[in-house]
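Take a look at the structures listed below.
Common to both upcoming complexes is chain A, partnered first by chain B, then by chain C.
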Partner chain A sequence: MATQVFKIPKSLKENMKYSFCPGCDHGVAVRLVAEVLDELDIQDRSVLIASIGCSVTAYDFLDVDSVEAPHGRALAVGTGVKRAKPNQVVFSYQGDGDFASIGLAESLHAALRGEKLTAICINNTTYGMTGGQLGPTTLLGQKTTTSTMGRNVEYYGYPIKIAEHVALCDGTAYAARVSLDTVANIRKAKQAIKKAFEVQLNGLGFGFVEILATCPTNWRMTPEQAHERVRKEMMKHYVPGVYKDITETK
Partner chain B sequence: MSRIVIDKNKCKACYLCINECPKKLLKIGNETNSLGNHVVEFVDLKKECLGCAMCATRCPDLAITEVYRG
Partner chain C sequence: MITEDITNKKVLSKGNYAIAKASILAGCDCYFGYPITPQSEIGEYMSGKMQELGRAYVSAESELAAISMTLGACSTGVKAMTSSSSCAVALMQETLSYATADELPLVLISVMRGGPGLGNIYPSQGDYFQATKGGGNGDYKLIVLAPSNVQECVDLTYKAFHLAHKYRNPTVLLADGLLGQMMEPVEFKPYPYAEIDNSDWALTGAKNRKSRVIRSYAPLADNQCKFVEKLFEKYKTIEENETEWEEMGTEDADIILVSFGSTSRNVKTAMKLCREKGLKVGFFRPITLFPFPNKRLNELASKVKKFITVEVNMGQMINDVKLAVNGKASVELIHKAVGAPPSPEEIQSQVEELI
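Let's look at the complex of A and B:
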């Protein structure tokens, strides 16, 4: 008798079809969030704060209540929702440009206030939806449509390491960076997302996961080459790991 | 018997699953779907599928909808 070891999470809408480009890791990230909502059995009391960019389409796929707060204000709106309805599980699903550029103030101050929120940030080193412009996380030397000669320090400055910054905030309970380049890392990513929800459920503080993901379309690569780039370039600069975990016993 | 179920209309032909399968049971098919993509096919004549679900875990589009092990 064969047992079912994989099924579509029930926190995803029925018959939904992702609108992401072929090979885009957003699909995996949204699925992991849905699996975690299933495992923690919190789908019926979760509120998604949608952002701007490709990540905003999460509300088309996740079968939860959602509020759209574009241009970086997700965690400011999330703060309001959580304070008005403390029993709801409030989480944001944002991109790196949304979280760490236009919304850096909202994001870091939510962490500094220790809001009981969960933030998922997809880092693909570019602005994917608008056509691959230079973003806050674009690596040095990386060519984008607005840095055609590659990012240089003199003109553009340095890329931001989001997980480390969030980990420095005193209100943060959990901050981690994960990657989706291999199946093993996808499984680790799910554990990190689960932990970021658990710290919220236990009222410990701000939970944050930065997910290194691909953008094959704007990187002008095949999906395989894109994962190779995550391994060889991104993971050297953005080192995966748990940067803060107040539940850890030493 | 271990097996997988593919929703052909969800496959966007990124072919990430093909390299993931330890038994190399997935291949690019001749059939095209509503998106015009040559969809991935599951061919397991020798009943080699382990039911490891690595293909489904990797698939970014949830085109591999079910995996059975046993």
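Let's look at the complex of A and C:
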């Protein structure tokens, strides 16, 4: 008898039209979120806060109630939803520009207040939707359409290590950085996302996962080359790991 | 239902406290704010009262965050509000545009102070344009209510919640530093409006129903055209049903003084002083600034020679009066840039000069 071993998560919309570029890790990340919503059985009480950038289309895929936030304001909007309806599971799906540049104040203050929210942040070291400009996470030396000679400190300053900053906030219950470059790392990523939801469900505080992701289109690379770059360049500066976990027993 | 603040007799209250108490009585579930003079008493009152009642209060990190939190709360269908003033309301314009596109029942209390820039904390009506024309992007309208005394601060706060939910459109109570800081006798009656069912759109989790998306992003041009046209159909309905104004002595008037908010009080007295001198002067006060009483002003324009708007700004509402009058009568301005409104005597003597 045939056994079904793989299926579309029920938290993904039926008949969705895939709109990310070929080789982009957004698709994997969104799927992992859907799988976690299924496993925790929280799809029917979750609210997604969509942000501005490629990440906004998460509401075209995830089959949950969703509200769109102005650029950078995702975790302020999330705070409003959660404070109004404390029994809802509220999570944001954001890019690094939304979370750590225009929205850094909202992001860190939500963590400092210990809002019972989950934030998923895609770090692809560029502004993807607008065509690959320099963002807060663009690595030193990286060439983008607004750093054509490569990021240098004199002109552009330093890139931000997001997970480490979030981990410093007293209201943060869980902060991790993961990558999607191998099957093993995808599995770890899913566990981190799950944990970031669980700390919310248990009322422990702010849950955060930074996901290192590819942007082959704007990096001018093939998907294979892009994942190679994640390993060789990004993971050296943005080291994967759990930066804070208040549930860990010492 | 909170009953402790309902009074069957008049009590003395500062405008800002009156607005805050009225919000509580209107059933405001969530308040988000950031301090700014001259409206800080609203947040101060709400911080204690909301916690006492087990409702939501967040001291936001900025006005950007405060109004975005309000947007988030509104998306769940609850009654939510924020309050601010002038240069900080400027920071909220982007989210007001989003909330309008999202058709959310957001309530903003805007207590005007002097501008531009940091300006000062004196009263002003310099944000008439900010409230009625908006600083956010795209074609949209906010419902704007302008109280002229502390009692109206209460009554129109009730109305702001009602209209915001009835039409699912952000609604502004446009007060000023004078109203916010002054004390007057006021009566707190129970919230007079019926609760509005929002179960067909509010985000409450997709349990036993399809998931809902509250969004403004419309990648296709045709969809956006249809949406904005639908939005303006709604504004037409609002104009037909909700336009509100006060008029006095307009039946036989040669000249009509037009003024809104706190300034209109001295204008009303000035009109009486003019009448004592035998001048046929009338008084007209828009209570809703959007919808603006265009139709009525246009009717009156057929009968009078002149309108004079009196404003504490460099002349903002005068533009709307001119559009309403549409060339049928001349429209003049009496004004000062910032501060307490001109006295009735000053207004009266300037009216005489303009005749």
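The rule we apply is simple: the second predicted complex is superposed on the first by the 249 of 250 C-alpha atoms of A that agree within 3 Å, B and C clash if a C-alpha of one lies under 4 Å from a C-alpha of the other, contacts with A are read in each partner's own complex, and residues count from 1 in each chain.
Throughout what follows, a contact is a pair of C-beta atoms (placed from the backbone, for glycine too) under 8 Å apart; a residue touches a chain by one contact, two chains touch by 3 or more.
The structure presented is a predicted model; accordingly, all values stated were derived computationally and were not measured.
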item: Chain touching more of chain A, residue-wise (chain B, chain C); value: C
item: Chain B versus chain C as contact partner of A:10, first or second or both or neither; value: neither
item: Which of chain B and chain C A:232 touches, first, second, both or neither; value: neither
item: Contacts of A:220 with chain B and chain C, given as first, second, both or neither; value: neither
item: Partner chain in contact with A:26 - chain B first, chain C second, else both or neither; value: first
item: Chain B versus chain C as contact partner of A:45, first or second or both or neither; value: second
item: Contact set on chain A toward chain B in their complex; value: 1-8, 12, 17-18, 20-28, 31, 183, 186-187, 216, 223-224, 227
item: Complex contact set, residues of chain B against chain A; value: 1-3, 9-10, 12-16, 19-20, 37, 51, 53-54, 56-62, 64-70
item: Parts of chain A lying in touch with chain C, wherever the complex brings them together; value: 13, 43-47, 49-50, 56, 59, 63-70, 72-73, 76-85, 88-89, 105-106, 109, 113
item: Chain A-facing residues of chain C, complex; value: 29-30, 32, 56, 58, 60-62, 64-66, 68-76, 78, 80, 94-95, 98, 102, 203-208, 211-217
